[in-house]
Amino acid sequence: MTPLVQVKNVVKIYKRDKLEIPVLQNISLDVPEGEFLALMGPSGSGKTTLLNLVSGIDQPTSGSIIVAGTDIAKLNESALAKWRSRNIGFVFQFYNLMPVLTAYDNVELPLLLTNLSKKEKKERVEMVLKVVGLADRMDHYPKQLSGGQQQRVAIARAVVSDPTLIIGDEPTGDLDRKSAEEILILLERLNQEFKKTIIMVTHDPHAAERARIIHHLEKGEFK
Amino acid sequence: MKIPFKYIFRNFKNRKLTTGITVFGIALVVFVFSAVLMMAYGVQKTLIQTGSDENVLVARKSANGEISSILTQDVVDILNTLTQVAKNNEGRPVSSGETVVVINLIKKGTEGGMSNVTVRGVSDQVFTLRPHVKLTEGRMFLFGKRELIVGSSITKRFEGAQLGGKVRFAGDNWTIVGLFDTEGSGFDSEIWGDSEQLQDAFNRRGGFSTFTFRLNQKENFAELKTIFENDPRLQQFEPKIERKYFEEQSEAMAAFIRILGIFITIIFSLGSTIGAMITMYSAVANRTTEIGTFRALGFRRRSILGAFLLESLFISIIGGLIGLSLSSFLQFFKISTLNFSSFSELEFSFSLSPQIVIYTLSFALLMGLIGGFLPAVRASRMNIINALRAS
Amino acid sequence: MKMLKVIFKNALRHKLRAFLTIVGIAIAVVAFGVLRTVVTAWNAGVESSAANRLVTRQAISFIFPLPYAYREQVLKVQGVETVTWANWFGGTYIDKNQFFARMAIDPETFFEVYPEFKLTKQELENFKKEQNSCVLGRDIATKYNLKIGDIMNIDGDIYPGNWEFVVRGIYTPRDKNTDLTQMLFHWKYIDERLRKEMPGRAGEVGWYVTKIKNPNQSSAISEEIDNLFKNSRAETKTETERAFQQGFVTASGAIIGAMNFMSFVIIGIIMLVLGNTMIMSARERTQEYAVLKTLGFSGGHLIAFIGGESMVIAIIGGIVGLSLTFPLVNGIGMVIPKGFFPVFNIETSTLILAGISALLVGVAASIFPIFKALHTSIVDGLQHIG
């Protein structure tokens, strides 16, 4: 079976003024469907860049990134936006919820890019909020929720459109240990119970332990 | 536009002070803008109401206004025999040879400040000719006597112009025996008397200013025009539908107010457009992470552009509505100013028309559109990764 | 000095915002300058009128004439130096939209009473010699491209008929606010034709202008002149030229009032724009101000920081605005019809007022942010998220 994500010979060089900063040097990586992968490495190792490339918010200097059969390195910007809405669920370090929207409205956001009926949207949002255990908080605004609760709303938002891949960028980086634990349990559950493929960047070894496999990056190369 | 309206609306509400200031700035400009249009329209409306569609006013061709027009008695006699002039029950022509002069009266509350007032000498058919003129108090002046009736806005604004009062001009005292009202036409700013008495007093016997008559049939106006073109005795004169004549009298004034006012408000609007721009730029800067998140979730650049533009339009339309509702109160006020074409003061009220509402709101939206455009473009052009990192 | 540097740096920290705010203030200052110039232009007739000239007109209304015979009587009054007279001619040149003053005057005395209208000796002589000649203000001559020797046809309204004039002189200004938009021709030329065509209207004078020896006697002389004609058919009203002009200005009071109101509105708008900027930058810096307070900076320092920043922006905007006002006013002066505002100059008082307004706005805009910064406790400030 072909892997869900195939990163082949990817090079990423950032240009700042006339200076070229190589961030990723000829990286290749396969992620099979149903995997829970943790990327670790020190700051500046290129782990977040790799994550950005796989999630289609950045483009490689060369090489190809094939996710579920599509080479996203070849997509133009608007096709990429559409692709992201179908295939990627994001969980950010600082949750990135819209402060002016309720938990419910935040979770509903990705569904606004689909053609689901109003009723279907409602069912889905309520369902995922139940999964993350916040069904009773759906009318709360982010600032009325704790950090852990906000991150759970963010996870609900990441899975509500049933994406191919869930991307976590330090999902526990801003949380206390107890809340972090809850988030990791939730991610594990999504992986095992709902068969979600998850790629997560972290520098917390505790968090990485939850993953099925850990890759270490250093200076733009796997170790 | 995929970004929910709730997001736009709640953000609008969120930063109350800054948004409020911007809304208020736009409201001020809109207030001035609509006030100017209402003033110009007020002048026009007042003068349009003055004339009737069914009457024809004859004046000397080159005359800029009634006071600079001269018609002699023989011309008036010729005009009265025209078949196009309507007749009353007794078979007399419904017409009025009018003598228009300007006099000085003391304005109330200005400690002797003088201002010009139009005095119109009329003929006895004038009430049949202009049925919208209603006597409200006292009686009609007697022909052959030095008596006057006074328009409602003159009574209000000038000393001695009240019922029973006396106005002194042309070496004589004229008694005010009645008050009249036309519900807001230019006649309210006039004093009426006997045309012949006025000519007498001012030493211009047989010298009328204009001649107004009722057309027997509206369609006959074209016919009338050819008569004026062909009769050598009438070639110096020009017939005009009375309403149109007075409307033209308002043009110079209305255009002056409009041009000056619009010029000023356009400069003003630059100020508040910049205000809106500053507010929107700061809204964009404050929400950089949110923009990045929207983009990461798969929202397109144009949705972001649309959301910020809409927010800016929202600010401007609220400002527009506030400004407009403030200026609509101006309708209760009457002001007076010198009308260039009659050299006398004309009282009018600010008036609002559906057209002014549309112009005003479009103007507000335009400010929002221009003020919001560049910030919205900046928002939509942000690089996702940089935007996400911005916090 | 360090303080000043920080203030400047802060003011320009958000380059775009600082730029926009400065542009906003500059625009408002320009608008203010233009509005005030319109108001002063309106009053220009009053300003330029000499104190040693009296205007005598019909008591009822300026549109009624006075007998020519009054001239002799007025001349006899003690203290009167010269008497000249004029009639408003009106009429149409080319079409009704070409508005400028056209007046019948007495060439012998007019330029003596109005020395600010300058003609060369030759021009004056030629003008006096030829009865159907006229002289033009420089601005009107330029606008219609008229030269000496050109023919002008005027269609009369108050004085019916076709009138033909030959341009024999173009007058130049003595003062900055001299009206350069008039057309002047022989009163006799008009009068003689009236004598033939409308004898009833011959021998009429629109108004007399009297030059008096001592301006302090103006009210006594006015009274004396008016007393001469009491209880006659044409009673007179004599006042100083200034008071006469003031009458016109008062009549258009509503428009002047509206303009004055609008010049306040524009100051309000500047205040909102700058105030908004100051509130935004102070809010973003709540934390910094808290840190400064922690370090021991006093309330006075904060006031200097915020107020200074506001003043820097207001002053730059004010200077830019003032320097743009000149070309703009000149541009408008060229665009508007010449007869509308005979004089359209920026007054020094306008510049001073505009400058002061910008400064006041700078102060006013910083009041609220200063108040807020002073009343935010250090703990709240440190926790503030921009």
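Descriptive notes on the structure:
In this document, chain identifiers A, B and C correspond to the written order of the chains, with residue numbering beginning at 1 in each.
Going forward, a contact is a pair of C-beta atoms (placed from the backbone, for glycine too) under 8 Å apart; a residue touches a chain by one contact, two chains touch by 3 or more.
Keep in mind the model is a prediction, meaning the values are calculated, not measured.
Common neighbours of chain B and chain C: there are none.
When every chain is reduced to the mean of its CA atoms, the largest separation from chain C belongs to A.
With each centre defined as the average position of its C-alpha atoms, the distance from chain B to chain C rounds to 25 Å. One inter-chain figure worth recording: chain A and chain C are separated by 69 Å, centre to centre, where each centre is the mean of the chain's CA atoms.
Averaged C-alpha coordinates give centres for chain A and chain B that are 64 Å from one another.
Residue ranges on chain B touching chain A, taken from their complex, read 2-4, 6-7, 10-11, 14, 289-290, 292-301, 384-385, 388, 391. Taken in their complex, chain B has these residues touching chain C: 17-18, 21-22, 24-25, 28-29, 31-32, 35, 39, 60, 62-64, 67-70, 101-104, 110, 113-116, 169-171, 202-204, 236, 257, 260, 264, 267-268, 270-272, 274-275, 277-279, 281-282, 286, 335-338, 343, 345. Interface residues of chain A, counted against chain B in their complex, comprise 52, 55, 57-58, 77-78, 81-86, 88, 90, 92, 94, 96, 98-101, 105, 108-110, 112-113, 157.
The touching residues of chain C, when paired with chain B in their complex, are 16-17, 20-21, 23-24, 27-28, 30-31, 34-35, 38, 59-64, 90-92, 96, 155-158, 160, 200, 231-235, 237, 247-248, 250-255, 258, 262, 265-266, 268-270, 272-273, 275-277, 279-280, 386.
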